[in-house]
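In structure tokens below, several structures.
Two complexes follow with chain A in common, the first pairing it with chain B and the second with chain C.
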Partner chain A sequence: MAEIKWPEKRRLIGTKVPRVDGPDKATGRARYSQDINRPGMLHALILRSPYAHCRIKSLDLSEAQKAPGVRAIVTVGQINYTAGKKEGMPGWEFPVSVTDVGRELFYHGDEILAIAADTEEHARDALRLVKIEFEELPFIVKEETALRRRQGPSTVPGKDASNVLAGGSRTEGDPDGAKKAAEVLVRGTYGVPVITHCCLETHGLVAEWESPRSLTIWCTTQAVPATANQLQNFLAGHGITCNVRCITHHMGGGYGSKFGPDIQGYLAAVLAWLAKAPVKLFLERDEEHLAAGNRPSATATVTIGGSHDGTITVFEATTYGTPGVGRAAGVNIGILPYVYDVRNVRISTDIVRLNHGAARAMRAPAHPQNCFITECAVDDFANAAGLDPMEVRLKNLPQNDPAAVKNTPTSFLALRNTIYTDEIRIAAELSQWKKKWHPPGKGPTKGPWKHGIGMALHTWGGAGRADNDVFVTISSDGSVVVQCSTQDLGTGERTVLAIVVAEVLGLDPKDLTVVIGESQIGRSTGSGGSTTAPGTAPAALVAAINARDELFRKVAPKLGMKPENLVLEPNKITDKASGKSFTWRQFCARLGMDTVRGQGNWIPGLSNLGVGGVQVAEVWVDTETGVVRLEKIVAVQDCGMVINKLACESQVAGGVIMGINLAMFEEMIVDEQTGRMVNPDFEFYKLGGMLDMPEIIVHMHDMPERGVIGIGEPPTISTAAAIGNAICNALGVRVPRTPFSPDRVLAALHAKK
Partner chain B sequence: MKNFTYYRPLSLEAAVALLDTRWGTTELLAGGTDLLDLQKEYIAQPDKVVSLTFIQDPVFTRIEVPQILPGTKPTVSIGAAVKIADIAEHAELKHLFPALTDAAAQVGGPQIRNMGTLGGNLCQRNRCWYFRDEHVLCLLKGGRRCFAADGENRYHAIFTKGHPCVIVHPSTLAPALIALGASVEVLGPNGKRTIELSKFFQAPTKPDQREHVLAPNEIVVRVLIPVEGLRNASYEVRHKQSYDWPLAQAAVAFRLIGGKATDVRIVLGHVAPTPHVATEAQKVVEGQTITRELAEKAGEAATAGAVPLSQNAYKVHLVKVAVKRALLLASGAQPDWVI
Partner chain C sequence: MSQTHPPPGKPGISRRQFLTGTGLGAAATALLRTSEAPTQANQAQAPKTVGFGPNPVACELLVNGARITVHIEPRVTLLDCLRHYMDITGPKRVCDRGTCGACTVLLDGRPIYACTMLALEAQGKKIETPESLYEDGQLHRVPAAFVQYDAQQCGFCTPGFVMAMKACFDRNPNATPAEVEQGLAGNICRCGTYQQMRDALRSLCKKGG
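Presenting the complex of A and B:
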């Protein structure tokens, strides 16, 4: 077989194609997991720890079991129970006195048990009839408190002595010498708080046993086959051998927080087993904030230094962050300083574990935090040196790696300087940087408002992954079905597959039927790391080419033609030898009773990894009230070969909006007296609305020669840093922490005076 | 939500007859934007819910603006069941009482404004996150302490002296209406009575108190606003522009005679357990020409007596700005803060 390449001339790829499922979503025809209702379906709810740290002293389910409509109860202790279990005896056949009494709960929202009842109301009433005595235990919910009590004892799970874990350190070059030699040296502290994913479709599923050997779940997940497998393994661990099928036709956001069945998946499957009825279990908004993942905080004290010409010679950062009860925090010392080439580096980080919900991957894990830490410091350095921070950025970019230029010319290593330089130039033009940038605090004013502009850079991977199967089936009526088990977590994945297959077969993407989000279709990898398009688009290309070739092989002999003489153009197949041509349908009709099925797997050479990205924020700050108004965000983004320009632009705008929320509004607030999150809602856990959004200008820096690279994560990374730098540029003073709320802006302004 | 019996009386009198003489057992339902949340969170657990949405009485449901003739002292009547959106969009109200209509236009989001009513806005419960968390036994739920006093209090009161519970009153219509000299007509088992709106609110400290002085078996029928030719304005500082509570609000009204402001009212919102009348600031402005300097001085004076909590000293500063801007707006000055 000839080497498979992306078509030289691309009719569809790289153009703006409306989502094939757009009308379904706009009209409500699209059924999300939360829309699924099954005959005889029960509703389940989870009882959660009211305390930040406690132990279950006693647990009495008798009244709840007798409550109207209650059909099944299962506890977390029971589903986790393995000690001393007999073969083939599920944990839930053991009494709660064995499985749950004495169990420790580590945060407000930690799961205790779930109840399934005929209605949601009955389930809720029953939850309130569960009688539990708790022994309250010491907790820590503030990072400063944990750092003060570094000696312990620990209040979080695990055997560590303290809540504070050393997260590693790294030294390169001679940071002390470089600090001494530096002509310009500045020190600052920068931080972002814990924020949550805020998926509009909350976590959860409907679980239905067709037989004791077969379970179907309609689950909102960003890893369809993996979720089915994990649930299958869990059930096997309890002696239930079965096949689990996972369906996720549409989903309302995941952002890294929906990679498996989760505890609610296990609970729902067991409840459905016990009740012998389908069970629906979706989290409520407060549960979503409390227990469905979050982005770790990060705080860094940075010393950055260099020469008057803007060369950064030293970057030193002492950092910490909290993953809640998790173990991995948001400062990844491997990627600090972020993006730039600095020779003398000293980084250390502490992981501060607290009694609140555990961190999970969240859209570009660790990157927004590290971008903020680095990019704010870079601007402060530029300001201290009296230089335009854009010029400082250009000066400190890493060079294109000479070895890579030779060996892997389309790799990010080979191109990084070129990409950033081009993107900074484009962003500068689109934002009128040269005209609008001014020394900090010295810009235009309108009454009490001061103008500011700021820039930040980012990077991401976005590689394709193997183990993605795409199937293309062509029938004699000309219809084409594209199948892949992968999921569309809002990114437009259906349309990606449709575009690639339609490109090869000369069809309109709208004419294809794309079936995704069903685990039994085949292999696919989770949508993490911006890998879905680069993982599935190459597979779709291979599958479409295989299907086309198979179609030619099957039909050509019936027409007395040779497959190699057939030329496919949009809706036209021509035989070079005879000059005869057919429409797509005419040609496919010759299949008769036969069908054609082409399979494709991911192969190397069609995708790539490593992207840059530049964002510029323009703001006005009301110096009397501390209110920040965002005027404009310019986002320049590469992702190798753009498949759907419309979806890409929309992804970038979405990433920017998420970054705006990190910059301006979001913060998990946990009360130190009660250990409870006080804002598990959308009232005081703030997210911007339309009135809070600026003009967002997106420029896709298309580099088709690089192959497909993921787009999901990078565009959210640098927005907060760019806004922070713009505010600093407006005021001449750094607001060190997000969200940039009036109180923080005023505090920075008043500290200056 | 706890089960309850639902009533939908057809007259105000019938509604009053359904009410209990103590708080907690019966709740009134109008737009539902507050009550439903309270019930879902088990903060309110009434046995009876009395819907007011089937009452057609025009006094209760309509805005009446009488003909305004020189020499008369007409009164505008706004029924308690009038939607906040209808107040915000009412052309004559906009002309007469921009303090009220501007405040109304910024309440919540469109859905809240289209459901929420004037009566509900005045009688809504506070938004304190400790009060609204069933598991926190605060003063208003029979506990022994106010958790906000030493806890997460960035959005709480700065006028805290004498207040064991440091909530802020959530209504933005109330400061405007108080500045405009409004009163409230209420109906109880013994008939109607009228309460000046400035005396309508109280700082609650225990479970059997609400944020207002109504008896448990009284209903707000309408709000009466005298048409006195006052210049008036409301200004609020918000973190978000969409769907958010103000961090601080100032509503002002005064008569301008010969360029001097008299009969000055300055009322602050979102800084105290009740709408807060800034008497010191009123004194600064009374009889004076409103200039930027005077407005600034009034802003300073408006913070007299403020004792902020650990996290909300910034609100003291915001009060100064809000008062200044509201005064300048009402005086007709070109606002330089609008971009």
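Presenting the complex of A and C:
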């Protein structure tokens, strides 16, 4: 077979194509997992720990079991129960006195049990009838407290002596010598708090057993086949051998927090098993904040130094962050300092475990934190050196790797300096940087309002992954069905597949039927690391080419033609030998009773990895009230070959807005006295609305020669840092922590005086 | 349960009936001025007020032109009634307490949060859900603009935004972009599609942006 390449002339790829499922989604006709209602379906709710740390002293379910409408109750102790388990006897057949009494709960929101009832109202009533006593235990919910009590004892799960774990360290070059030699040396502390994913469709699923051997779940997940597998393995561990099918036709956000069935998946499957009825179990908004994942915080004390000309020679950072009861670090010591080439480096990090919900991957894990830490420090260095921070950035970019330039000319290593330099130039033009930048605190004013502008850079991988299968079926009526088990987090994945297949077959993307989000279709990888488009688009290209070639092979002989003489153009197939041509439908009709099926798997050479990105923020800050008003954000982003420019630009603007939320509004606040999160809602956990949004200018730096690269994560990384730098540029003083709320701005101004 | 059916064209439940039905009657009575407070004697003579619940009662709603009757407990919100009892799932349950707007429906033409109204209170009123904007293959111009400008990603907030925007233009066909943006201020999008929504609403504003 000839080497498969992206078409030279692209009719659809890279253009603006409205998403094929757009009308259904915009009018509420698209069925999300949470919209699935099954005949005889029960509603389930979860009872959760009211304390940050406690032990179950006693548990009595007798009244709850008798409550109206209750059909099944199962506890977390029961589904986790393995000790002394007998062959073929699931843990939930053991009494709660054995499985749950004495069990420790480690955060406000930790799961205790779930109840399924005929209506949600009845399930809610029954939860109140659970008689449960707790023994309260010591907890720590503030990072500073845990760091003070570094010696322990631990208040979090696991066998560690302390809440604080060493997260590793790294030294390169001679940081001490470089600090001594530095002509400019600045020290600062910067930080971002824990924020939560806030998926609008909360985590959960509908579980229905068709038979004791077959379970279907409609689950909101960004890893369809993996979720089915995990649930299947869990059930096998309880002696139930079955097939699990996962369906996720539409999903209301994931952002990294929806990679498996989670505990509510296990609970729902068991409740449905016990009740012999379908069960719907979705978290409520407070539960979503408490227990469905969050992004680790990060705080860094940075010493950065270099020469008067702006060359950074040393970067030293002592950092910490909390993953709650989890173990994931918020700081990635491997990629700090972020983006820039610094020779003398010393980094260390502590993982501070606290009694609140566990961290999960969240849109570019560790990158927004690392970016904020680095980019604030780089700006402070530029300010101390009296230089334009854009020039300092240009000066300290990593060079294009000479070996890569020779061997892999489209790789990020070979192009990084070129990409960043081009993107900085474009961002500077779009933001009028040269005209608008001024020394910190010396910009235009309007009464108490001061103007500022700031820049930040970011990077991400976004490689394609193997193990993605796409199938293209062509029928004699000319219809085309594209299938892949993958999911659409909101990225427009259905449309990505439609564009690629329609490009090859000369059709309109709207003419195709795209079926995704069903685990039994085939292999697909989870939507993590911005890998879905680069993983599935190459597979779709191969599948479409295979289907087209198969169609030619099957139909050409019936027409007395040779397949190699057939040429496909939009809605036209021509035989070069005879000059005869057919419409797509006329040609497919010759299939008769036959159909054509082309399969494609991901192959290398059509996707790539490694992107840059530059963002510029322009702000006005009221020095009397501390209010920050965002004026404009410019985002310049590359992602190799753009497939759908419309959705791509939307992704970038959306990433910027998530970064705006990190910068301006979001913070999980846990009360030190009670150990409870005080803002598990949308009133006090603030997300920006329409009126909070500045003008956002997106420029796609299209590089089709590089192949497809993921776009989901990179554009959210550097926004908060750019805004932070713009505020510093306005005030001449650094506001060290997000969110940049009025109190923090005023405190920073006060500290300056 | 015929006594619970609303008279045609009138709201199905009075404030007094609601308060009595949900056990808040005592609290409401305490709030009355002394002169209005019923004495023991005239209370006995007063016509019997019909109470609701806690058991399910019939609830007839007029949704997208169709009359649908279900039996629900009086505490069920309009949103849950639509989603759980009528299988009308265009309005989404996101915050369930009136902060995000994902459950926005039009009640006699006015946008409301369906999560903060009891279903029984919505009886006798004309309810429009997002599904009504895409009937017989005809896509209403507001969601059509959302599609054209890609003003949606995960799309879970989108039906709510669409209804809020439609209400703006229904109220004032000459609404300016700034006015429409004000009208969307009660809705939240997590994916961050505000920029594309601006493009969409500007394309719909007659006087341009």
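By our rule, the second predicted complex is superposed on the first by the 753 of 753 C-alpha atoms of A that agree within 3 Å, B and C clash if a C-alpha of one lies under 4 Å from a C-alpha of the other, contacts with A are read in each partner's own complex, and residues count from 1 in each chain.
The criterion applied here is as follows: contacts are C-beta pairs under 8 Å (C-beta built on N, C-alpha and C of every residue); 3 or more make two chains touch, one makes a residue touch a chain.
Every value quoted in this text rests on a predicted model; they were computed, and no experiment measured them.
A.B. asks: Which of the two partners, first being chain B and second being chain C, lies in contact with A:Ala146: first, second, both, or neither?
C.D. replies: neither
A.B. asks: Let me test your reading of the model: by the given contact rule, A:Glu121 touches which partner, first (chain B), second (chain C), both or neither?
C.D. replies: Both chain B and chain C are touched by A:Glu121.
A.B. asks: Tell me which partner A:Val678 touches in the superposition: chain B (first), chain C (second), both or neither.
C.D. replies: Once the two structures are laid over each other on A, A:Val678 reaches chain B alone.
A.B. asks: Is the number of chain A residues in contact higher for chain B or for chain C?
C.D. replies: The partner making contact with more of chain A's residues is C.
A.B. asks: Please work out whether A:Met251 is in contact with chain B alone, chain C alone, both, or neither, and reply first, second, both or neither.
C.D. replies: A:Met251: touches chain C, not chain B.
A.B. asks: Is A:Ala556 in contact with chain B, with chain C, with both, or with neither (first, second, both, neither)?
C.D. replies: In the superposition, A:Ala556 touches no partner, neither chain B nor chain C.
A.B. asks: Where does A:Gly689 make contact in the superposed view: on chain B (first), on chain C (second), on both, or on neither?
C.D. replies: both
A.B. asks: With the two structures laid over each other on chain A, which partner does A:Ile669 touch: chain B (first), chain C (second), both, or neither?
C.D. replies: first
A.B. asks: Is A:Ile195 touching the first partner chain B, the second partner chain C, both, or neither of them?
C.D. replies: It touches nothing on chain B or chain C.
A.B. asks: Where on chain A do the contacts with chain B and the contacts with chain C coincide?
C.D. replies: 121, 683, 688-691
A.B. asks: Enumerate the contact residues on chain A facing chain C in the complex.
C.D. replies: Touching chain C from chain A are residues 18-19, 22-32, 34-35, 37, 43, 119-121, 198-202, 250-253, 255, 284-285, 489-492, 646-647, 649-651, 653-658, 660-661, 681-683, 687-691, 693, 696, 698.
A.B. asks: In their complex, what parts of chain A are in touch with chain B?
C.D. replies: 50, 121, 124, 446-449, 620, 622, 624-627, 629, 665, 669, 671-674, 676, 678-679, 683-684, 686, 688-692, 741-743, 746-747, 750
A.B. asks: Would you tell me which residues of chain C are touching chain A in their complex?
C.D. replies: On the chain C side, the touching residues are 73, 75-76, 80, 83-84, 87, 89-97, 99-100, 102, 129-131, 133-134, 139-140, 143-144, 146-159, 162, 181-182, 184-198.
A.B. asks: In their shared complex, at which residues does chain B touch chain A?
C.D. replies: Within the complex, chain B touches chain A at residues 1, 109, 127, 129-130, 133, 135-136, 147, 150-152, 154-155, 237-244, 247, 311-312, 314, 317-318, 321, 335-339.
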